[in-house]
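Two complexes are shown next, each including chain A; its partner changes from chain B in the first to chain C in the second.
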Partner chain A sequence: MKKDNVTTWTFLLAALCLLTLPAQALAGEVYKIGLSLAITGPTSDAGNPYAKGVEDYFKYVNDTKMLGDDTIDCMIRDDQYKNDVTKRNFEDFLDQGIVFYLNYSTGSTLALKKDFEEERMPVLPASFHAGNLVDSHYIFLPIASYSAQMIGLTEYVVKHNKGGKPKVAMFIHPSAFGRGPVEDVQKAVAAGLDVEIVEVVEHGKDLDNTAMLKRLSEKGVQYVLCHTVQSPVATMLKDASSLGLVATSFGEEGKITFLGAHYTGGNDLVALAGDSAENFYWTTSYIVTSEPGEGTDMQLALAQRYNRDEKAANSHNYANGMMVAQVVTEIIKRAKSKGKEINKETLYEELLDMNGANAFSPKTTVGDVTFSESDHQGVDTLQLYVVKNGTFASEGSPFTPEYTSKIQ
Partner chain B sequence: MSSNRWLATGNYFTSYKEEQRIFTTSLDRSVMGVFLCVLFSWPLFFSIGNKYMLVVDNILVAVIAVIGLNLVTGFAGLISIGHAAFVGIGAYTVASFCRVLGDSHPLITHGWPPMIVAAGCMGALFGAVVGLPALRLKHLYLAIATLSFQMIFQWTINFMDFFDQGQTISVGRVFWVTGEVARNEHYLFWYYVILTVIVILGFGVRNLLRTRYGRCLVAVRDNDRAADAMGMHPGLVKVYAFGLAGFCAGVAGALHAYLYRGVGIDSFTLYHSINYLAMAIVGGLGTLQGAFWGPLAIRVLDLQVERLSEWAGSHVTAATNLTTALRPLSFGLVIVLFLMFEPRGIANWWRIFKSYVKLWPFRY
Partner chain C sequence: MSYFFQLVVSGIVVGSIYALSALGFVLIYKSSRVLNIAHGQIIAAGAFITYALTVWMGIPIYLSFAMSMVITFFLAMSVERIFLRRLIGEPIISVIMVTIGLMSILDGLIYLTPFGTENFSFPPYLPTTPITVGGVSISWTQLVGVIITFTMIAGFSWFFKKSTIGISMRAVSDDQMASMAIGISVPKVFGLAWAMAGLSAAAAGGIIGNITGLNFDTLHAFGIVVFPVVILGGLDSIQGAVVGGIIMGLIQQFASGYLDGNWGLNGTGEVMPYIILLVILLFKPHGLFGIHEIERV
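Now for the complex of A and B:
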């Protein structure tokens, strides 16, 4: 009886092994990627759609078997915009064997820079702070840096201002993120960009900007360049509107024209500021859904496929998240096609090789993504948009700021 | 008390000296010995990964900070709402050396033990200075003075170029007798260092409380006029309490700087001060054990709420604001519940549990 039992169990085990072996042999590789960002807490209004963009695109890659039998497992963790939590998440991802890391905030990217170097981990952050690239080999900015964006806006002001040297003020976030480009704009001015920076204002949590706007107006400020997130800009635009200070056309005399970098604009700004957002000038490297094209169609289709609401679907931060996922997928594809093993070293090599004929067009941006040993800034071109009748419309063609190269 | 200290079922003292013993029974001493052996040896048998090792180290750093806060708020009865700023003073002491000398200077990488002590001394100095209003102020007014220090500290760091306007200032890898502490052993190394510091500080505070310098803290808390009549100087005792708390906080700050290999302002905000206060209350104010239980309980709660927020945030878009509020809500709730139903904190549960075990199988 005992012998019969042993035989039966042996037979069953052998059968089980035979059944599972082919399944294991057929199952592809799983590439682990980590993303730590603010899904809750400060800046989560940008982090939330960003996370959804990343998540949906990787789901799409797996569902459509874009990598054959291989799949991407992207672990997304909320860090509440806290560097200590980001560090913990990063350690967690390393324990789990990630081959690529996606980061979010400027503060945490700077704080973890040494860890990235030691681990030799290629990183694409959602922060476009130029300082991320200083003393770093493994951080790559997806699009033009905040400095390039602000210099680009300043160049536009100089080019289109009628009469005299334009007077500008900078309205920035009180953090590493906000302060980053100020010095570079000042360097550009020193290098010959003909503009007068009257004041640099670090906003607080003010719900009223009347005093600040009156002060700027009395100082003759014609343009306010914003580099912060949407809500403080919306508050300022509303106050400026009630004071009758918003220019109805670019550079209108006696009024102020407001301009902003990537994180100041998008549909959320229009939703928050309403009519006061009219004539707000905004620059980014992404194509917005109000300017339909191949990339935006893809973005909307992806959001629809995974049942995202309209707000997320139309968010430029959804496109932002989607784009970094596209870049990661592309380098995995390229490494696979060359027969390389997928690990952080090979993915790093593929990123560095993404230039010239190998440049990558994700279609969601106004230019190609190019990286090399000396260029860690993905899309170099920017597009200017302006709010007309409640939506962002393209103003001119994509451009590359001239002074970014002059100040290096 | 039983003549055989192994068989003692209660604490019956026949002299003050007996009452002042660190361990009242041999069993207590043995349990503590075994417990310390377990704490020092478990990493040799279990590997928990860097993430959880970082969590453990983080709890231990908080324990050191809360030991300090317990001295000033628990034992001396002075509310401090700026404790994270004192921790920040310690961290920024290390960061200042890094800014001036470079983060890989031998003083930072090889001379880290004196650097930690120096950070503690700087914390003590600032603690004593901030404690000066205690000579004239009491209760809520003193709490506001500490809150002001927190605000001044944050403002100073945020706006001074020397401190990189609050951005992370990196701290180099340290060296031990075996050479540079590598990345894969970093958290384990600091686990042992922090644990050693806790043991030293724990026994130090326990001993302090047996001396007149410790008893004067409790005397001033219970009735400062009576303490004055007994020949103590209540004002100086309060300043001294702030100095002691500042020392522990400074040491915790330096350890935090070395552990995270960087110092940034967002680890020393008002939120963190409230957090430390919550740890002290939940753990049990005025007890040494409370300084251990509080950080453990709050950090574990923090991790669980974080998971819940993350889950809710990634599933329901509209819930983002709600999930953002979950953490402060849970802290507030825990503090209120403890103040209402267990003002003596988890330390009291531990006391009840110990006496139950000691008396078992008898009820009393």
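Now for the complex of A and C:
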């Protein structure tokens, strides 16, 4: 009796295995991707919507079966902007067999550069620091570098300044992120960009910027180029407004025109600085939701689909996260269509092949994403925006800074 | 000359806000000899409560500001009751370690809310046109901040000098055993000290948040930024917090106004307060107004 039972159970189990085998085959592959970023801690105001953008887009890919039966499993971990935690996260992701890695800060990207080389792991960071690409084969910047952004702003100043050589100051974050583009702007000036850099100011946790603004004003500074996060820029704009120093039109005489790179702008800046943000000039490669189009419609629909609030939905850093997820999905699609196995090597090849006729248009940016052996900067074009009546409006057409190629 | 006076005005504005932020440290230290490392988190909590009451519940901002001070008063009192009451009589280092743990707990709790990662700003409620006299400007936000700061500092000074409870608190600070012997409830004094520190932290948070916007990272950093103020003024002196705060504010503004950008210097406004602090401590190790206790054996 006992022997009969064992035999029956063995047959049943064997039948069950046979039945589930086709189902397992049909379930498709799972591609693991890792993202380590600051969801809490410093700069989490940018990291939080960025993480939501990545998460939502990969959910969308899986839910709409964009990759057929295959799915993406994106593991998102908070590193609190701490390099040691980022390294630990990255190592854990490696143990779990990731095929692609998304990183965040400038500091950790620079710190882990050697690890990426050793592991031959393709990486898209949220940091657009040009220095990430030095001595690196596997790091790719999603959009124009901070250097390109700051040089682009400086070129705009030179082109539109009335009178002689414009005097500018740079207002930067006291970190590797902030200092990143300073040397490249100085190189551009040495290469002939006709502007005088009066001062480079590294801000602290300032409650009041009066002394700094007065000093810059006394030195005849007409333009302040900001490369930091929104909060210190907002405090400075409010102080400048209180001192009556904010230009009401570009280059207004006796006043200061404020301009900023990607992480200084967006809706949060307007919310924090209020009316003082009027006439703030900002550049990024992303299209903002105040300038509706196909990409922003897609962004808002995605945010709505996954119940994100208005703030996240309209954040340019949500678009930022969404865009890197779009690029990763695209290279997986391309590798699959060529019948390749999906691994870090094939995805790296696909990134390098993303140029010419193979350029990728994510619609969330003002230009196509192109990568090659010699070009690791995705979107080369930038768009200038200016705050008018509390929203960012396009100023002119997308442009590519001239001096970035002259300083290489 | 207006440049000089502008720096003086800005220095006083910044310094008085430092003083208010430092007041929480002083109040707790004055009565219990404990440094509360989690003070920055309480400052941030006060600012966020004001915002939540104003924007989410639609309460007028002046009322929200007062309500947040009351809420933070009881919040800080509860913190003392739950976490610190049991540590009365234990080594000071144990209590300080608890406040470090408390800092982590409060960080974690705030990160669970939208305030942990997003930027917010109070709705505008003051005129945006600054007050300008003789080329020297001050914004309404700063002016209101200074008025609130000085009112509160005056109130606390009176409380400690004239009221019975204030005098009891000073007595506990001086000698816990002797205070108990004459019938003062030491646990109650500790609870009240924490509650008053919470109240002043909420006021500081509201004022700082109004100036910089509500960003958790910025707000809780003020718990550390004001450390040199407390050390300079003397850990147990309200008057010291005021003088120390204003000295720090002025040094920052003058360093930034006259040193930065010259002779290749930059960021001196951040460094100079610490240099001056070290120099002063060489001559006055207990700070400008700190009590130098002499123990006779």
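Rule of thumb we're sticking to: the second predicted complex is superposed on the first by the 408 of 408 C-alpha atoms of A that agree within 3 Å, B and C clash if a C-alpha of one lies under 4 Å from a C-alpha of the other, contacts with A are read in each partner's own complex, and residues count from 1 in each chain.
Going forward, contacts are C-beta pairs under 8 Å (C-beta built on N, C-alpha and C of every residue); 3 or more make two chains touch, one makes a residue touch a chain.
Bear in mind the structure is a predicted one, so any value in this text is a computation, not a measurement.
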Fit or clash between chain C and chain B when superposed on chain A: clash
First (chain B), second (chain C), both or neither touched by A:Leu110: first
Chain B versus chain C as contact partner of A:Val168, first or second or both or neither: neither
First (chain B), second (chain C), both or neither touched by A:Met298: neither
First, second, both or neither for A:Ala176, with chain B first and chain C second: first
Touched partner set for A:Ala211, first chain B, second chain C, both or neither: second
Touched partner set for A:Ala126, first chain B, second chain C, both or neither: neither
Partner chain in contact with A:Val366 - chain B first, chain C second, else both or neither: neither
Touching partner for A:Thr40 - first (chain B), second (chain C), both, neither: both
Which of chain B and chain C A:Asp92 touches, first, second, both or neither: first
Residue range of chain B overlapping chain C upon superposition on chain A, of 132-140, 330-338 or 348-356: 330-338
Chain B and chain C footprints on chain A, overlapping residues: 39-41, 44-45, 48, 174, 311
Interfacial residue positions of chain C with respect to chain A in the complex: 3, 6-7, 10, 13-14, 17-18, 107, 111, 116-121, 124, 128, 130, 132, 137-139, 141-142, 208, 211-213, 215, 217-218, 221-222, 225, 252-254, 256-257, 260-261, 266-267, 269-270
List of chain B residues in touch with chain A within their complex: 49-51, 54-55, 58, 158, 165-168, 170, 183, 187, 260-262, 264, 266-267, 306, 309-310, 313-314, 317, 320, 323-324, 326-327
Footprint of chain C on chain A - complex, ascending: 39-45, 47-48, 174, 198-202, 204-208, 210-212, 214-216, 218-219, 230-231, 234-235, 238-239, 241-244, 268, 271-276, 311
Interfacial residue positions of chain A with respect to chain B in the complex: 39-41, 44-45, 48, 51, 55, 76-78, 80, 82-85, 87-89, 91-92, 94-95, 107, 110-111, 113-115, 118-119, 174-176, 179, 309, 311-312
